[in-house]
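Naming follows writing order (A, B, C, D and E), and every chain is counted from residue 1.
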Amino acid sequence: MNTLEILFYALSAFAIVSAIMVLVSKNPIHSVLWLILVFFAISGHYIILNAQFLAIVNIIVYAGAIMVLFLFVIMLMNVQSDKEPQKKLLIKFIGVLSGGSLLILLIALVKQTAQLEGKQVLMKEGTIGLIHPLGKALFNDYVLPFEISSVLFLSAMVGAVIIGKK
Amino acid sequence: MPIQYYIFFCLTLFSIGVIGVLTRRNAIIVFMCIELMLNAVNLLLVAFSKMHNGAALQIAPGSTAGIDAQIFVFFIMVVAAAEVSVGLAIIVMMFRNTHSVDINFLNRLKN
Amino acid sequence: MNAIIVSTLLGVIMMFVSWGTSNTKLQRNIGLVGMLVLILANIAQMNGWLSVNFDTKGMLAFNAIGLYVNTILFTITFIYLWINGEEIDKIGNHTADYYAIFFFILCGISILTSFDNLLMLFIGIEILSIPLYILTGADKKNLFSNEASLKYFLMGSFSTGILLLGIAFIYGATGSFHLNMPILNPATNLPVEHFLMSAGLLLLFVSMNFKVSAAPFHFWTPDVYDGAPTVFTSFMATVVKAAGFVAFIKVFEVQRIALGQNTWIIILPFVIVSTLLVGNITAVFQRSVKRMLAYSSIAQAGFMLFALYGNSTFNNEALILYIVAYSLATIGVFAVLIKMKDYSIESFNGLAKQNPALAFLTTLFLFSLAGIPLTAGFFAKYYMLNAIFTAGAGIWLLVVAILFAAVSVYYYFKVVQAMYFVEGAPAIHPIEKSYARKLWVIAIILLVLGVFPSLLFNYLYF
Amino acid sequence: MKVIIGLIVLWPLVGFLFNGLGRNIWSKKTIAYKATGYVLASFILSIIAFLNMQSQGAITVHYFDFINTDTLKIPFDFKVDALSSLFLLVITGVGTLIHLYSTAYMKDEEAPHYARYFAYLNLFIFSMLLLVLGDNYVIMFIGWEGVGLCSYLLIGYWFTNTTYNYAAKKAFIMNRIGDLGFLLAIFWLIVKLGSVSYGTVLTAESLAKLSTTDITAITLLLFVGAMGKSAQIPLYTWLPDAMAGPTPVSALIHAATMVTAGIYMITRSNILFSASEFTQHVVAIIGISTALLAATIAIKQNDIKKVLAYSTVSQLGYMFLGLGVGAYSGAVFHVITHAFFKALLFLGAGSVIHAMHHEQDIRKMGGLKSKLPVTHITFLIGCIAIAGVPPFSGFFSKDEILAAAFAKSPIYWALGVVGAAMTAFYMFRLYATTFLGKFRGTDEQAQHLHESPFAMTLPLILLALASAIAGAIGIPELMGGHHWLSHQLTPIVGVTKEAALSHSTEWALMGASVSIAVIALLIAVNRYKRQADGEPQTALGKFLYNKWYVDELYNNAIVQPLNKFAGFLKETIEKNIIDGAVNGTGKVVQYSARKIRLIQNGQVGYYILFIVLGIILLFLFWFNDITINRFFNNLIK
Amino acid sequence: MLLLSILTIPFIAAIVLLFVKHNEKANYIAIGSSVVIMALAFNIAFNGAANFDADWILSLNARFILTADGLAKILILLTAISFPVIFITTSKNELRNRNQFLALMLFTQTGLLGVFLAGDALLFYFFWELALIPVYFLCSIWGGEKRIAITFKFFIYTFLGSLFMLIGIILVYTNTTDHSFLITSFKHANLTHGQQLAAFALFFTAFAIKMPIFPLHTWQPDAYEQSPTAVTMVLSAVMVKMGLYGIIRWLLPLFPAAAASHANFVIVLSLIGVIYASFIAIRQDDVKRLIAYSSIAHIGLMSAALFTNTSIGMQGVLIQLFSHGINVLGLWIVADIIEQQTGTRSMKALGGLAKKQPTLAILLVGFALANIALPLTNAFVGEFLIFNAIFQFNPWMGAFAGVSVVLAAIYTLNMVQKIAYGSVSDATNLMQVPNKSAQFVLMVLLGIVFVTGVYPQVLFNITADTLQQLFVK
């Protein structure tokens, strides 16, 4: 077992535990914090996959901007952990059960996929995750979606104006 | 690292997200779980990207095959950001009117 | 391409208009003129003019049907805005902003009718969806609107997650986001069996079903349509849904063979039948016409899903006709509904006596929805059934379809009965003459198409 | 000739239209003259046709095609031959007399109803003429149903009386049951032979084309038709009830003409009937049973018309016996003589009723001999004739039938003689109770007793004359006659086989039957000349008095169950099961609508749960692709 | 052009009527236009008319083609006679918005005429529905107490039936060699045996509901009872003929094999219906329901005869289509006059009509006799041939069907007895002299009854060519 593998398992375990903690934390703020940890773990994965650009963006956008926004909102609302009503146990059980079966289904499926047998993920190597090739691709092949995504932001902006204005 | 491991891991994260959506009542937490799902997909895409890239590199050194997935991830993040802004605006609006973010509370519209 | 560019520009212009003037009438008229420009721009591209020669790098591909659908949807939107302009003003005071949002949505629609890459599909859907969350919640003081908006948002995001997982799987299998032909086995000329690909497609199928509100992924529809401001429901249920179908078809036109034809003819009928069942049966017992229409739109979606069954010009023709018939009729019914003070069926009691013209129009629209001959709705259904039968569907499927069509007659006619056969004094907002006149336009289109449906296809072939 | 034969039929139709349409316009006198006149005209033309037939032989005239399609041709043709011309004479002759009689009998009616009465009567003559003149079974059927209709209309002539309406309806429906048999026989003929014309059907070639089963079935079905019309067991109960109509109607329709249509039909089809031994036996057995059954009932009846009605049924039974044993000309002979004396008796009864102010119960009569001399004498002649006392007409005709019956089987003969004795008994019981002894009615009736006017007595006298001497047309060779009738009918029924019996046997039979009849006659006169029957005491008496309880039997065994069945269909099957299924579908939809909408419970969590479950379901479908596929493929194919 | 004009005249008249508020004028327009149509119909029936053919829906290759053969002619004649008769006899009935009523009636007429003339399956379906929808409104607006629910049931029932037919049309259309809806192409469609059976079942369901055949008949008595009488007349005199027409025009020629193999089934079903309906009719107290069940019985006979596949049965049905229409029209008119004047349809409450209104009673009896197919009335000829055909097909079935002859006599005479005879009841006492025009019309109808009964060749001549087409190959 080399370092990469150890790192992979460690990050994965960490991510999964944190993700579960997101679910089980009573306090929303704790949830947010756990989620940020998940994001960090995922960024770690990006790094070992040598997708450094995404690792950075993930931290900045998700862990930084988005989660802060969440935190901000939660604080704004001043939602207390004890105030949050819990779902019934049965419902929770059913939720876990169906989520679990979805997982099992998908895993079973992947396991049966012959084409994936022996396929390796290139770790630590390869340059496509670096900012240079990404930038080139983005502004050559993907300039159209890039431009069009601005429409998305425009509409989100208008939306925020409409919804947010008193 | 075999691709299956990444897939399993991502699916696990995804499913945890799904379970979160199914079991929590706080709209914000639910939303966070959805973000978790998106992130799982992101990682999966990157893993696939590296898989295809690795395969391509063995044939043609310097290939950028697989880069589109990373760009896709980038776009997902972009979209997620936009979505979050709108989503949180809606949640806040809701909170302003009802002083609650409990989704079970949202059942005036039914049947 | 013209449509995407022009609609974006118009959206931006409308944003500025909202700062420049607070005269809603002016804003409205600018919006309408903008719509006309948009339609003209699209028609121009259909005829090969003014097209920006832009290399989309395989992101978009324009074809005659896509552009034609654009034209149709834009025209329907124009009619919608033309009729409902004043009603839109009444929701908050963001007229110009709404128009901007409409234009952005139309941009999304233009993408969905021409995408050639799953990335564009994703972006298109999001451009379509995010504004809709906003429109749903536009009536900020109204708890129903809030609730609908939040529900829509949460479920929409969830389905985005599913969509993305599907796309990721497909990418994992093929290494590309293009809407390529699936990999064929040269020996058998059948697609190579690839579970990841199939799973991805299935997930994509689920999320597209969600967008077009097919059962069992339809749950958002009644609540959202019911809670959203009525004018916007009218738009969501028609133009937006139609665009969803076009995208749906585009994805699965070719790709479905990767799922295996056998799987396709199991899961699609399953979805269709359950959609018809849920939509029609549940609509029967609704007291509120608005909610009934929401369920009926699910039912209609079930019928439109038939367009996916086969893979020929029949299907496209059928879908186009269905979109036009269904959208116009729905817009018409909603336009009447908006004028009612109360949405319950009882509030329609005696409308025929009080306002015969309006009652007649409503009847006509409902007839079209129910698929009664002499209205476009009939031929829409006819073409659809013809298409799936040509595509090899079993007769049982057609029989199921018509059984539910008969059920749909039941609930649509409840409104007709209330209007004509029950005494009562309907509470109704004052209606100007011009408003009714606008509705007559819809009625005439429906009637003309009800007798000469092929007028709609002449462009495609002649 | 074509025109004359056409006019025979048309005159009564003209009379019907004239009186029917002009019922509010014309005076009673006009109505009476016209109605009688048209029938008289027919009578005269009939004589011409008859004479023509005598000189030129039988003729068939074609008018138009009633039905002419590529597979079936039914021409509207009339045929005047020996058989139909005889019937023509009887129908129009007796018809004229009864019209005449009616002009007086019905004089109390208001003009419109008077007109209606004569219109019906004319229509009846019209239909009857169609029946006998038609050259094929369909035309016969037209007349057949037509007379049924007229009978219905005339029985229910006093339509405000509900009982009469029921009687009328009963008559029509019973007739219809018979008609159904007739109709089926016609279909059978069409299927097998492609034609219904006598010229085609009643030939040896056609007979050769038919199997024995065919012939038996056809003849039996025809006989069912005859049963209805000629009131044979089991379809006879309508005839006594039909006495609800005005008495002349009973005389014309329910005694002299319509009820003999069955005999006409079977005689017409004699080739077919002769070809089926089985049917012949059936006809004979039914005939003799009816004759005896009706005779026993007649013995205990107290309504003057009812007695005559059962007597008619009984006599018809005789005729069928004759038909069954192959004595076609004898049957026709009896038809003719019966037409005279039964019409006479009915008209006589009518005269009595007229005098008694519509009292029909013979127990309240008696001693009318002196008050109604003409009626009395003529009635007596009628009674003697029907009792079969020589040399009155009834003797000859009845004797011919009995002789033929003996030739077939002595049992038939013996039963026939018993019947004849009963006939003599009840007829003279009737006669004695009515005309002899003391008057038992009210004083008021006694004061008003009077002889009927000339318009009524004239027909009586003429018919009495006919009853007395009509036997002349069929005096057997045994007695030195040459049996004119039998010769007349030879082209139709073939040579009557009389050779089977020796002369001495015949004389012996004749002597036996006459003496038994006379004894019965004397007993009856003796017993009833002083008093009428009281209430029946013995079980047998009650049984007979109540007509063997046949009406009750029919009511309980057939009518009520069918009625209940209809009610069951209406209330249970229709309402609950068939309509219930339709409405049930609607209810199921509504019920499921109420339930299914509850799934939409308004909670996002559930909605998403359903999405997840939906995904799982779709994946499972996909996994089971192969298995499910097989199922669906089977479903589609 | 004659054919096109017979379709357009009622349509235009209907549209004009929508704008004529004045009752009298509306009556005049309706009667006038329907008389013109009648004149045209007579012309078509006796002189024939050229086909009309034009493009309609290019992308489907559907044509607007109108043809009039014997079958069409006789039904057009019936339709064209019925409407003026109905308009005249009901012209005095009280109706609100009379002009709308008349307009809808004329729309119905357009639909009916179209159904009988259409030579293209899609066009046929189109008119089929066009005839139904106005009736829905007519019944629901102007009908009796329970009109809404009953009419709705009727509408959905028949609508569902016609949807089945639509599937059938699609099925056959897809398998035509030239992708056309023309009846000739339909006849030459390449259907497998299974497809033929399916198409047969689909078409048959539609027609069976429309006729209606047992056990799909339950909409009918209710609908007849609740509809305004003018509409009931249309329904029972003309509209039920659509189903029979469909069988003759479409079902039998298109799917001969399936029809032959299912003949037993259909005939048995029809005959059960005949006897069943007759029995129920015996127990009816409501005049309208009685006539309705009687109509079910008569239609059942016709449908049974059609499936015997005999020329004689077909001929019988062809003229019975017309005769039954006339007879039932007469019965309804009398029933309507009685209901309008006495306010009741219950036979228990009636009685003594013959004393109070002898003329009307005579007319009633006349039509009643036609209803029981007495010889020399028009129905006799038709039913004679029909029974003959059934008998030919199977003697036992013929005998079973024959029972209806007796049952018909029972219920019809029951009706006559209860309405016309007996002493004058309180309800009947309200009767006044019916209006002259109605009486005149009834007499004309009765005249038709007897003229065509004595000399049916008039009708045979009209239908001769259809028979030729169907049976001379």
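Rule of thumb we're sticking to: contacts are C-beta pairs under 8 Å (C-beta built on N, C-alpha and C of every residue); 3 or more make two chains touch, one makes a residue touch a chain.
Just so it is clear, the structure is predicted and the values come from calculations on it, not from any experiment.
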item: Mutual neighbours - chains that touch chain A and chain E alike; value: C, D
item: Farthest chain (mean CA position) relative to chain D; value: A
item: Most centrally placed chain - per-chain CA mean versus overall CA mean; value: E
item: Chains linked by the largest number of contacting C-beta pairs; value: A-B
item: Geometric centre distance via CA averages, chain D-chain C, whole Å; value: 77
item: Between chain B and chain A, distance of the C-alpha-averaged centres to the nearest whole Å; value: 5
item: Mean-CA-position distance for chain D and chain A (Å); value: 101
item: Rounded Å distance between chain D and chain E, as computed from the means of their C-alpha atoms; value: 36
item: For chain B, residues that touch 2 or more chains besides their own; value: 3, 7, 14, 17-18, 21-23, 25, 30-31, 49, 51, 65-66, 68, 71, 75, 79, 82-83, 86, 90-91, 93, 103-104, 106, 108-110
item: For chain A, residues contacting two or more additional chains; value: 87, 91, 94-95, 98-99, 102, 106, 109-110, 116, 141-142, 145, 149, 152, 156, 159, 163
item: Complete list of chain pairs which touch one another; value: A-B, A-C, A-D, B-C, B-D, C-D, C-E, D-E
item: Chain A residues within the chain D interface of the complex; value: 87, 91, 94-95, 98-99, 101-102, 105, 109
item: Chain D-touching residues of chain B, taken from the complex the two chains share; value: 18, 21-23, 25, 30, 103-104, 106-111
item: Residue ranges of chain B in contact with chain C within the complex; value: 3, 7, 14, 17, 21, 27, 30-31, 34, 37-38, 40-41, 44-45, 48-49, 51-52, 65-66, 68-69, 71-72, 75-76, 79, 82-83, 86-87, 90-91, 93-94, 97-98, 103, 106, 108-110
item: Of all residues in chain A, those that touch chain C in their complex; value: 106, 109-110, 112-113, 115-116, 140-145, 148-149, 151-152, 154-156, 158-159, 161-163
item: Sites on chain D touched by chain C in the complex; value: 589-590, 592-594, 596-597, 600, 602, 604, 606-608, 610-611, 613-615, 617-619, 621-622, 625, 628-629, 632, 635-636
